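The following blocks contain the structures, represented as structure tokens.
You will see chain A twice below: alongside chain B first, and alongside chain C after that.
Moving on to the complex of A and B:
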């Protein structure tokens, strides 16, 4: 009986109910999106550090080194020498040191020169190593060969055997084509890291391209470093040596902290979105109030009849509050759908543009308190109409309308 | 008249909610700014290599001594008074008189060049000396003689190893 009454109330004013549900959904979707996207994006970036602890590069910004070396964004702050690489590689606390060279592209997709160590049991995540898809093989040093990341291969429509002329620079310029021809010999198995977005070639392949300065043939853009397990003080020791004592090179370490600083720079934007989400939530509450109040006013006569037939006042309160809770529940369900759409969009953008895997359904407390907040607002908005229903006089409700 | 009450309440609800949202976001922003910017940077009183700090003058400079027993090496890093920055100097050597249980010894710590830091002999903050007796010298008294750092002279700076010469 109560359920039927609630359903009838919701259907009787379908338009205002729908608007209220949509606003609750919007509020819910926004609240969950703002909190989850912020937290999960930072987590995703940190996870995508490809298993490296630090990046060594020319003197400059640590953030630029991390973005350039690990995320294949931005330009390199400068070059370092092969001796710098050999020196850091020889340090006892260093497990793996992978040199990279950037500076060329193919139609905007970055070419990254890397040593063949890259394909030798290098873990990008625990128990996951970089591998080439069956049918292909890693490139050979000194050869004009390439292994293409899975996203890059999809974007360019390349397969094994494809040949291409690289272009000079990180940005595509049709007039800056190199004469050398590279052949794709392998496709990198998907890693869900930025490694999927680039074309991997031998170090020498990039260093010795026509037009590059012969004096800088052995120069490197950066060295990606992984410390030995248990060498906890290694980062601190090298940080002191390179960053505080030294003036030539920069060690970007720890990567998670540097990425945290990047997100902190945009915290003002996050604050603005949070305020907007709260405002929408409040407006949604007001809309629920308006819908339930008008519904209750229009059904005053029905409620008076119910009272005359013996319905308890508590029953009327439950009917009104149930109506506002119904709007809240429908809005929350729709809100999760809206969040799914927003999250899928963010996921696709991060995957294709940065190569970062975003997990929208990873646990976040807002998944609980977001719906509770919207449900609480909805039920709270029904309190005054419920109070009016409670105080409804049967005589007044049954009095002639004209 | 009866319609007025809910309309007023609606307005109050929206305004209260809006104010609450703004206050909530301001509180978060203030908390964030407070944690990131406004908090004073803690004073770094720890030598970068966790060695022995030897203060020069009235905390004008510090020499951090690090002993490596395995190779019998004593390294001296020249630091600023706060022990936050490294100070490169042109000195040809640092003269250190050491008094151990085995008697008085002289150590000449030589400048060290390092590709990683870009330091060269004549422009370095790192000096080192090697001696077999250093392998076992875990405690000694020392005096730096005739130090000159950035036009400031320190004729004699005494200290104990490994405690240093900090006054407090």
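Moving on to the complex of A and C:
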């Protein structure tokens, strides 16, 4: 009977109930979104470091090196020589060193020149190596061939055998098309990393394109480095060698810490969003209070009737708190729906623009404390109306007396 | 017939605070008794304290002093929770304004009459509706029923838990004469079939005429009427 009364009570004041539920949903959706997107985005970026521990590049910003080398964003801070690459590759603590060259695009999709090591058992995540989809093959060195990332292939509508003329520069300029023709010989199996967003070509394919400086044909944009397992001091040693003692190169290491600094730059925005989410949560609580309070005032007589029929005061408290909890529960359910929409949008944006895999349903404590906060606010908002119901005089509620 | 009276009132006194800080007596009843299965009409004009008396009997209001016992159980002196329980299990209350919950169907309103006593059981509630001839309106909301039908639902709700005492406070006050007669008939027949005592408070001559036993509250109540109430 209690649930029936709660359900009917909510339905009887449908408009105010709906507004309160929507506000709770908004509060819930915002709270969960702000916390999860923040935490999961950083995790996603770190996961998407494509299996590399460090990036070696020209003297400049570490963040720029990481963004350029691993996320294919931004421009390279400058070039390094082939000798630099060979030196770092020869170091005993270095497991893999993959040179890359950037500087060209096809209609905005970046071309990345890379050595053929890239397709030789290189792990982008534990037990996952870069592979070419069946039916294709890795490019051959010195050939005008390309292996296309899965997202890029989808975006461009390319398949094996497609030919294309690259454009000079990282940004698409229709007037800067190279005359060379490349042929797609393979599609990279999806990796859910930024590697999916680019067109992979042989190093020499980019270095020796028409219009590029012949003096810099062997120059590289960066070297992606993975240390040998157990070589814990490797990062520190190379950090000392390149960043402290050397003045010509920069080693971006550790990648996670550099990405953490990137997110720290936006912490003010995150704090503003958190404050906004809290404010919406408080407004939602006020809305629940308003809904339940006005509903209770309108149903003073109903509550008195219940008492006259033998309902204990505690039953009225349960009925009123049940209504506010009901609003809270409905709002939380809807809030998760709202979060799902927000998360799907963020997921799509990160996947298509950066190539980062965002996992919206990965465990985060806000998944528990978010609903509990909103439910607590909702139930808390019902306390005063419940107290009024508790104090209700049955005789007055049933008046007039005769 | 059960020797325990359905209702016993002794030395009942009820007063209300006045704006001047004193207290005004509204009820002073030396003794009043209703036997099990007895049907009685209580005549009284508005403002004489009929509803106050009914509320005291039902345990909704507490008297200043005196004794009220329903079916042998003393209402006065019980904790509020136990009075609630007693009201739910042993008293059926029919109000002038029906007092149905507008958001609930006829059946659900009758189930409310059971919910706080024996437990809301749809079968029992439906049987109560059948008794008042409204089984086919079980799922109608109060606003979808005529005033006479609404009062019949209220009667069904009051009878659903087979109370030992049925209180009806101006049960025809919101009905026309024909419907009023039917409700009184229904109340009397139902109370008789259940063996419940029936106490109907009314100032309507037609209602009073339906009862063999009528008591005038003004004669029973030993409080002198105040000038402003006359």
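As a convention for this text, the second predicted complex is superposed on the first by the 399 of 402 C-alpha atoms of A that agree within 3 Å, B and C clash if a C-alpha of one lies under 4 Å from a C-alpha of the other, contacts with A are read in each partner's own complex, and residues count from 1 in each chain.
Operating definition for what follows: a contact is a pair of C-beta atoms (placed from the backbone, for glycine too) under 8 Å apart; a residue touches a chain by one contact, two chains touch by 3 or more.
As the structure is a computational prediction, the values presented were derived from the model and not from experiment.
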Give one word, clash or fit, describing how chain B and chain C relate on chain A after superposing.
fit
Quick one: classify A:18 as touching chain B (first), chain C (second), both or neither.
neither
Would you mind checking which one, chain B or chain C, touches more residues on chain A?
B
Identify the partner contact of A:315: answer first if only chain B is touched, second if only chain C is, both if each is, neither if none is.
second
A:125 contacts which: chain B (first), chain C (second), both, neither?
neither
After the superposition on A, what does A:242 contact: first (chain B), second (chain C), both or neither?
first
Determine, under the contact definition given at the top, whether A:394 touches first (chain B), second (chain C), both, or neither.
second
Pick one for A:84: touches chain B only (first), chain C only (second), both, or neither.
first
Working from the superposed arrangement, determine the closest approach of chain B to chain C, counting only CA atoms, in whole Å.
18
Common interface residues of chain A - those touching chain B in one complex and chain C in the other
none
Which positions of chain A touch chain B when the two form their complex?
83-84, 87-88, 237, 240-242, 244-249, 264, 267-268, 271-272, 274-275, 278-279, 281-283, 285-286, 289-290, 293, 381, 384
Residue numbers of chain A touching chain C in their complex, please.
1, 4-5, 8-9, 11-12, 301-302, 305-313, 315, 394-395, 398, 400-402
So in the complex, the part of chain C that touches chain A is made up of which residues?
44, 46-52, 55, 58, 60-61, 80-81, 84-85, 87-89, 93, 95-96, 99-104, 108, 111-113, 115-117, 120, 157, 169-170, 201
Chain A partner, complex, touching residues on chain B are 6, 9-10, 13-14, 17-18, 20-22, 24-25, 28-29, 32, 36, 48-49, 77, 84-86, 114-119, 125-126
